[in-house]
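In the part that follows, the structures are each spelled out as structure tokens.
You will see two complexes here that share chain A, one where it goes with chain B and one where it goes with chain C.
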Partner chain A sequence: MSFLEFVEGPLFAVAAGIFLFGAFWRIVGIIRIGRKKDIAPPKASAAAGFVKGNLRHFLPRGIFAKRTAVHIIAGYGFHLGLFVLVFFGAFHVEFLNERILGFAWPTLPRWGFILASEIAFAGLIVLWVRRISDPVMRLISTPDDHIGSWLTFIMMLSGCFALQESHEMLRAMHMLIVDIWLIYFPFSRLMHAFTFVLSRGNSGATYGRKGMNL
Partner chain B sequence: MSDVTDTAVRKFLEHTDSEAASFFEACVHCGECAEACHFHLSTGDPKYTPTYKLRPMERAYKRDKAPFSSLKKMLGLAPKPVTEEELREWEELVYDSCNMCGRCTLVCPMGIDIAGTIRKMREGYAAAGLVPEGLQRSAEFVKKTTSPMGVTLKALKAQIAHQEKETGIKIEIDKKGADYMATFSSMEVMGYPEVLGAYAKLFKRAGLSWTISSVAYEATNVGVQIGSAPMAKEILERVVKAAEDLEVKAVISPECGHAYGAIRWAGPNMMGRQFKFEVVHIIELLDQLRREGKIPAGTKDGRRMTLHDPCQIVRRGGLLKEPRKLLDESCDDFIEMKGAGVTNFCCGGGGGVSANPRAEELKTKAFSRKVDQLNGVEDLEAVVVPCGNCRTVFEDGLDAYEMDLEVIGLSELVAATLDDSDEKQG
Partner chain C sequence: MQYLIHMSRKLLWLGALMLLLLAFTAPQLMAQSVRPPGNAVNLDDGTEPGPSNALGDVSDTEIWDQFRGGDPANLLGPALDGQAMTTTGQQWRMVRENLIRKYLGWLPLIVIGLLAVFYLIRGPMRISAGRSGKTIPRFSHNARLAHWFMAAVFIILGLTGLIILLGRPVIAPYLGLQANSILTSAAMQGHNLFGPLFIVALVWLFIKFVRGNFFQLVDLKWIFKLGGFFGSHVSSRQFNFGEKSWFWMVILGGIVISATGILLLFPWLVDDIRWLQLSTILHALAAVVLIAVAFGHVYVGTIGMEGSIDSMLKGEVDENWAKEHHDLWYEEVTGKSAKEETS
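The block that comes next holds the complex of A and B.
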């Protein structure tokens, strides 16, 4: 078995298993802590508030826009760019089709992939520079924040190197980093990709009961 | 681990329910909350970043309660234990620099309720005895007199007698079977007693049957401000018992921010049961009476006025439109300040900060945000502040910033502009 076959085969299977099981375990673990039922007579629906809270926080509020513009633009650029890369990059769709799902969907043309990459890279770099340069960010950041950023950055960079398919080892390196990223994910702050639903939803439900949609 | 640390951490963990856990798990340390916090904006000090204020509780959770915490501990990857030194260092952040106003939730991409979590964190601090002296003193006053300012029944009766003389309307105490039982904050009773007269005038016009309890006139709940659930429950029990003994249909929560949240939203949960009466905020009630035509608006006040949104009434209380409708009908020239409504700045004195002399300087600095908002309204003559606590903070703050602006309560304004022509004819 070649190194590439190993990182795309057994190691990927283990990494994906840890990712899925770990993320599921962590979400269930949070929910299982439980909370007392709120018995104050509500003015409106908590369930509707849960949904509205989730949707509302996708949109920044105008009054904060000026002070938070860098973070919002870089944040959306990085997250949307990464989403497009992962789920619409031709190599990724091909990999998922052949190895896991057994079906494919339309993919980005090469120029689209490059553009999405550039947006994602720019966003991630701006976010990280802000993390190391802004006094607030320096104070509140933990090693986990930096490890998550760097792992993601290296994963994207190695993906770019592998894009040309000039050398099998470049593809193997990319897959190795993807495997590490998948294993790291459920134990780290990268989990915010899932936990945001609970967080926004809980606040939304609390406000929703009071008849407010915040 | 010292007893103080042990107690605080135990309470932190006890109060980290799945809601608080979801907040700790979702925070990406993006720092956006700093941009919404008046303490950070007015000082520029990063330590006032709201999410940072939660750090000891977050650490305790991640070390001892979070999913995978046992595995991380085994591998030596868990966060370090919280120390007494850290707890003492954070006391200022938890009590002096957080009004639990909830503005940070609005800017947070994860929608984290930092204010609500600070409230839970204070449970650990209160249980460990790490509470600012000013708040401890308020708690002692409550034990002695039921009021955080030491307002006795005798003092209340004196204010009632004065207002009865002013208005010519009898205010009944302990009237069994009345429809409504009004409660007040100490600040109102001693600082703005005309609110008693305003209630008398408005309720007489509306034909409302109401009373004041001799044992539960105080609405302020220091237990909520300190973060002590047992104390909060004890204070609340007195009001609930009095209301149920008097067999009233509803308890009126006064123009006091946290008092409303304490009885309306937290109350039944603290008591573990629903009440036999409704809880209605005075603004809610006045708005309802106005819509029913029972307190029609008369000649409007001609001055240019703006409205301050008390955090616990508007953003965290759900009463956004009601004060605006009432003010619009009472004032000829009502103008909103920039950022009004749910995103309005806190006065800086809520959440027990105004009862904490140690935080005085910081509170005044934080008020600079409000000063900017007020200065943004041209030719402003008065500001309506429907919360007794905010009102004193405004008066102190305006004085500190040498601003000449009248501060008015909403109930008093509605009473002053009431159309009493029918009554006069009758």
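The block that comes next holds the complex of A and C.
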């Protein structure tokens, strides 16, 4: 078994298993914590607040819009760019089709993939340099934040390095880092990819029940 | 005598570079249209190839001279007014192999060496009055983001670019051709992908820093006092002459790198390969010079000068640092005299 076959085969299966099981375990754990019983009579629907809280956070508050414009743009650029290149990159769809799902869907042309990558890279770099150049962000950032950012960056960069498909080693390195990323994910703040719905929803439900205008 | 040989070599390469540059100014009339001579034999017509020594044992350099730059009428008829054979490719190769690859890579190393020597002799520039504990804002958060975004992209492009340029002479002999091939393939993809981000970074940097970076009369004093690096105090506004020079080097060098990079990324934009040949040389030249000077920038911004890094990490600097290095700016921002006793 070659190194590439190992990182794309058994190691990937283990990493994907840890990712799925770990992420599921944490989400269930968060939900099981539940909420302290609120004995005050509800003034409005908590469920509606949950939904509204989630949607409302997609847009910046008016008074903060200008001040936070750069990191809002960078945040959207990175997350949307990453989503697009992961799920619509031809290499990735082909891999998922052949190895896991058994079906494919339309993919981006190469120029679209490159553009999405550039937007994602630009966004991630801006988000990280904000973390080190803003005193408050620097103070509240933990090693986990930096490891998550760097691991994601290295994973994207190794994928970019393998774009020419000229050497098996480059693809193997990318897959190895993908495997490490998948294993690290459930134990880190990268989990925010799933838990943001719960945290925004919890705030939204709490405020919604009290009848606050979100 | 050795000096003369050395100089004549330099002149030879300089001449080659000039020839390449001149090639761009030559009118389109120089375009070739080669017609075969009347007695030419088509070897694809089924006839047997001639003996291996059909051309004889003597190389007739005159023929090649005529092809390359001599009288084309002798070979190709009177209708032609240009050369029969283009040699710009060979000139480009000579410049790239024997000048750029051979010598340019040393430049960053020389700068690092000089900085190390300077550090050992001079040591870090301390804030002579010590830190006051009071700070004043120097750069907005967006300005810092622009700076660090450029820094990140610059580092990635610098590393990948150096691998592409110097991989063959520097990496291959030690790690082998296979490893060099892998590294170069990876570096090329990374370089191509991050290239456009450099243009974004350059525009952002320009917008955020152009104000205050125009040269002023006060900069002359900075030049005469060698920037205060050797003891004497020197006045400056928000940016001193060194910082302004660095800024304009980045902007102008960045424009050259961006323009040539676009041509190399999209070669079909031009129909003359000489533009691409010139682009590779200018691209490498501007990039390596910027990389070399960037080491100086990093030195002054970190271990070379106490308190400098605060401006880019926190956005604020110590008042005593400001009084010492940017006194006129300090007075402008605070309305107080920088000559007052330092707190």
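To be clear about the criterion, the second predicted complex is superposed on the first by the 213 of 214 C-alpha atoms of A that agree within 3 Å, B and C clash if a C-alpha of one lies under 4 Å from a C-alpha of the other, contacts with A are read in each partner's own complex, and residues count from 1 in each chain.
Quick note on the criterion: a contact is a pair of C-beta atoms (placed from the backbone, for glycine too) under 8 Å apart; a residue touches a chain by one contact, two chains touch by 3 or more.
Quick caveat, the model's predicted, so the values are computed rather than measured.
Q: Quick one: on chain A, after the overlay, do chain B and chain C clash, or do they fit? Just give me the call.
A: fit
Q: For A:P135, is the partner it touches chain B (first), chain C (second), both, or none of the two (neither)?
A: Both partners, chain B and chain C.
Q: Could you say whether A:W105 touches chain B, chain C, both of them, or neither, answering first, second, both or neither?
A: So A:W105 meets neither chain B nor chain C here.
Q: May I ask you to decide whether A:H167 touches chain B, chain C, both, or neither, giving the answer as first, second, both or neither?
A: Second partner only.
Q: Hey, in the superposed model, what angle do you get at chain A between chain B and chain C, Cα centres, nearest 10 degrees?
A: Result: 110 degrees at the vertex chain A.
Q: Looking at the overlay, what does A:F24 touch: chain B (first), chain C (second), both, or neither?
A: neither
Q: In the overlaid three-chain picture, which partner chain does A:G53 touch, first (chain B) or second (chain C), both, or neither?
A: In the superposed model, A:G53 contacts chain B only, not chain C.
Q: Using the superposition described at the top, determine whether chain B or chain C touches more residues of chain A.
A: Chain A has more residues touched by B than by the other partner.
Q: Is A:W150 contacted by the first partner chain B, the second partner chain C, both or neither?
A: After superposition on chain A, A:W150 lies in contact with neither partner.
Q: Scan A:F87 for contacts with chain B and chain C and give back first, second, both or neither.
A: After superposing on A, A:F87 lies clear of both chain B and chain C.
Q: Upon superposition of the two complexes, what minimum C-alpha distance (Å) separates chain B from chain C?
A: 10
Q: Once the two structures are superposed, pull the chain A residues common to the chain B and chain C interfaces.
A: 134-135, 138
Q: Once bound in the complex, which stretches of chain A touch chain C?
A: Contact set of chain A toward chain C: 70, 114, 117-118, 121-122, 125-126, 128-130, 132-135, 138, 157, 160-164, 166-167, 169-170.
Q: Spell out the residues on chain B that touch chain A in their complex, using ranges where they run on.
A: Against chain A, chain B makes touches at 16-19, 21-23, 25-32, 34-36, 40, 46-47, 49, 51-52, 65-68, 72, 105-113, 116, 264-269, 272-274, 278, 315-318, 320, 339, 342-343.
Q: Touching chain A in the complex: which residues of chain C?
A: Residues 141-142, 144-145, 148-149, 151-153, 156, 181-182, 185-190, 193-194, 196-197, 200, 312-315 of chain C touch chain A in their complex.
Q: Give every residue of chain A touching chain B within the complex, in rising order.
A: Chain A reaches chain B through residues 22, 25-26, 28-36, 38-41, 43, 53-54, 56-57, 60-61, 63-64, 67-68, 71, 75, 131, 134-142, 145, 186-187, 189, 191-192, 195-196, 198-204, 206-207, 209-212, 214.
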